[in-house]
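Look at the two complexes coming up: chain A is in both, with chain B in one and chain C in the other.
Let's look at the complex of A and B:
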């Protein structure tokens, strides 16, 4: 995957996370910021993040792969998405 | 000699006065939970003992002795008093599991005010209906949750003050908002404890029912009698234990057994305020050498899903006793914990309304995996015929779990809703709303709810509340909400929707509806699936037949549909 595309994907996911899950404007989220283990995104809300990814990238992520670890930061989320793109 | 007394020995000649004597309480005395959980422990010579280890995200660690929590409770109580807060006023705690939450709990009770803990993930609508119902005077919160409070503030005339316990710059404060930093405040050595008595209100927890708005469950200071003794006997807390209750004090387990029970016994507890991961949890147990662990089936199933390999990376040998609450603990989870941790999780059953453990597995008692165990001594329970409300005597017959009122932690009423409170009683029995069987050895076996309330991850969600909120979404014409099975959370919310003219079903609309409910109510209430329908099943009189949808989701018999509206 080209680096530009990868960065665009990360930016898209990052923007969505900030818009939907972060209430505190002072919290700065990066590609590496833990989302699940930090408590910014809880396990129930993770389902909506999964639906977002599946809709946006037209993919289907198996429930067994949608783990708190895989969703714990933007980098790991995009890595997961990449596994199912072009499948 | 056996380590534990037998069930028969515990129940024989049982009287709640056992707890009263141990707590040196005599009828008519002042009884104040805030004092019992801090000042009394210090007076008993344990001022220097650790009361709380706290760990937040990013490696933040704090430690408080019983003298520290005594002083903190005094300081917060004094601050509230100077603001004019008096006995009987409702003070809401709307915070994550930070130390200020636990310490404010004590301070509020010490001045005789009523604590109203609310889950910090609640959205603005969930927050609003609970604050409005309680006519709350003060909300204590964190900067990260302030925006939700501000959005509804103008609709809450009784809400006079919002106290923020962390870093908001003074220039950013709005009218009626105050900063309070416990770290910077001068510790208050002496606070005159408000002379609450047994029936003085203490804690107001909100719980959801099938219909109507959430109900405020009023508890009183005398509840400590049940909470103390059940913590001692069932959670088996001893002097040298390190206790971890994973529940959030926004829910009743987090106060009854995450504050009152352990601290009234002078036990050391630890708090982890981060998101869930198996590694983080096992690492926490290893680091603090946790000995007694009270958790929930959803968490246990999540740990099971993470696998057994990860357990091997941690030294969990400190664990001595495990217990669980919130939803039925499946037998697989009991057997798994026995294999992986070397001891089973003991299931306990109780509710927001009961205030303390009612039916439970006891340390030392024969465990039947999948069973809730037997009634706690002093609790008269049965299962009732759902039609006649007469106790069923035949073992194995399904009925409604019911209790004879009279135990110390029983709710005293629903806040401003005496009618709903009275509806909970039939023939002198308190109806729990849950169904079970009792086997020939007196063990209870959970079957399910007797109503439409959804128990997801151990938290009750009202389908009515979600349906009402859905109707506020611009695309939603009609809605029906039920549960669907879930491997981890037992069940999750599912919404069935018809759309208004001009809207068409799409994955993006599904996501928009999910997020709408998540923000308005809470992540727990968010439908994890949305099904768009041309029409909802209704009776000929127009009532939505939720049970038809429920049966479809669970693969059950639909039952009598003679009243179903025809096309």
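Let's look at the complex of A and C:
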């Protein structure tokens, strides 16, 4: 995948995560920030992120793959999405 | 023997980690009945100290009320100590059903089922009424027992930002295809002391065809002009599909809880809720005490009126003194300190001044939101509150935080 596209995807996911989950303006999220293990996103809230990814990228992620580990930072989320793109 | 040294070391290591993180919980032994004035042994083995209790859920001051104690005695004499059974085998007495009917009338619902605790009510209700075809949509700050209950349920779950009705509406639209939709909130949020916007939530639920569940444990008995709860306060009495609540706080404070709401939902709990089916019935002595509590609350609003006045007096006193508080209008008044260590030091110094109030910090509250949570009671007199206020001001001066803003406190102590 081209670098530009990859970065666009990361930015898209990052923007969604910040809008959906981060209330505190002082909190700065990067592609590496742990989201679930650090408490920014609770595992119950992951479903909306899953729906967002599936709708945005026109993919279907099996529930068994949508784990807290796979969703723990923007980089790992985008890596997961890439596994199911063009399948 | 399978409890090896290796196993023992594993647990010791985990306990050491908890201690090193500064979040090891120690019990303080109270040598008196629960009340505004208590005698405490802390640390363990030390002399008893008389302190004013500013952190109990004894909102109405009924935990040691003479009429409640007398009713409990009578219950013990007339119905015995234990039932040695779950409800549906041979554990239901006439007084259990009488209490269920009384709760139904008080909360303005269709029916009620008792549970050993509200923790058990929340553990059982979701699994009993929802399946994988359904969705639970909960406020992000709901109580831990609701989170545990949702984990036990096969329905999908999603959350909305705390008290954000716009976000809730987005989620209701997002999940419009689900068979049943259940919106879940606390009535009064226990750590912040704010109230859910139940009027707006009822409207949204009606608009999108969702049910509404409210855990009113920190509200039943005193929120609303006759103390019926957050639904009365928000003018949606009779419109909540499911209310879970506890007898372990304002309603005498012993133990027990319930699910109260639509008849079919209560019937489903009676057939399927596992903590109801597989746990002992509430002891007759407690049922008898809670029945008396409802008699007291139904005959007069005096205690909840006093509580309201006390809470307003306390909040104004702290505000005038220059503390940063969480906004709210309930007897839960969090004094914000933001820094975890400061909250622990502040609590210790208050105790030395004869005031018992606990500091809370992450992970009980969000990171950087450490606080002393104070809880006001109808059992407090103005003299208690004045003495507590003097102690708060003395300790506040010691740490130089009076009159400082949130940012200034964080600048001084870190977050």
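General observations
Everything below uses one rule, namely that the second predicted complex is superposed on the first by the 87 of 87 C-alpha atoms of A that agree within 3 Å, B and C clash if a C-alpha of one lies under 4 Å from a C-alpha of the other, contacts with A are read in each partner's own complex, and residues count from 1 in each chain.
Throughout what follows, contacts are C-beta pairs under 8 Å (C-beta built on N, C-alpha and C of every residue); 3 or more make two chains touch, one makes a residue touch a chain.
Every value quoted in this text rests on a predicted model; they were computed, and no experiment measured them.
In the superposition on chain A, A:36 makes contact with chain B only, while chain C stays out of contact range.
In the superposed pair of complexes, A:68 makes contact with chain B only, with no contact to chain C.
In the superposition on chain A, A:85 makes contact with neither chain B nor chain C. Of the two partner chains placed by superposition, chain B and chain C are both touched by A:23. In the superposition on chain A, A:54 makes contact with chain B only, while chain C stays out of contact range. When the two complexes are superposed, the chain touching more residues of chain A, out of chain B and chain C, is B. Contact with both chain B and chain C is seen for A:44 once the two complexes are overlaid on the shared chain.
Looking at chain A, you'll find residues 23, 39, 42, 44-45, 47-48, 51 touch chain B in one structure and chain C in the other. Taken in their complex, chain A has these residues touching chain B: 20, 23-24, 26-27, 34-45, 47-48, 51-52, 54-55, 68-69, 72.
By the touch criterion stated above, chain B contacts chain A in their complex at residues 57-58, 96, 121, 143-145, 147-148, 273-277, 280, 302, 456-457, 488-489, 492, 507-508, 510-511, 514-515, 518, 523-524, 526, 528. The touching residues of chain C, when paired with chain A in their complex, are 138, 140, 147, 150, 156-159, 161-162, 171, 174, 362-363, 366-367. Looking at the complex, you find that chain A touches chain C at residues 23, 39, 42, 44-45, 47-48, 51.
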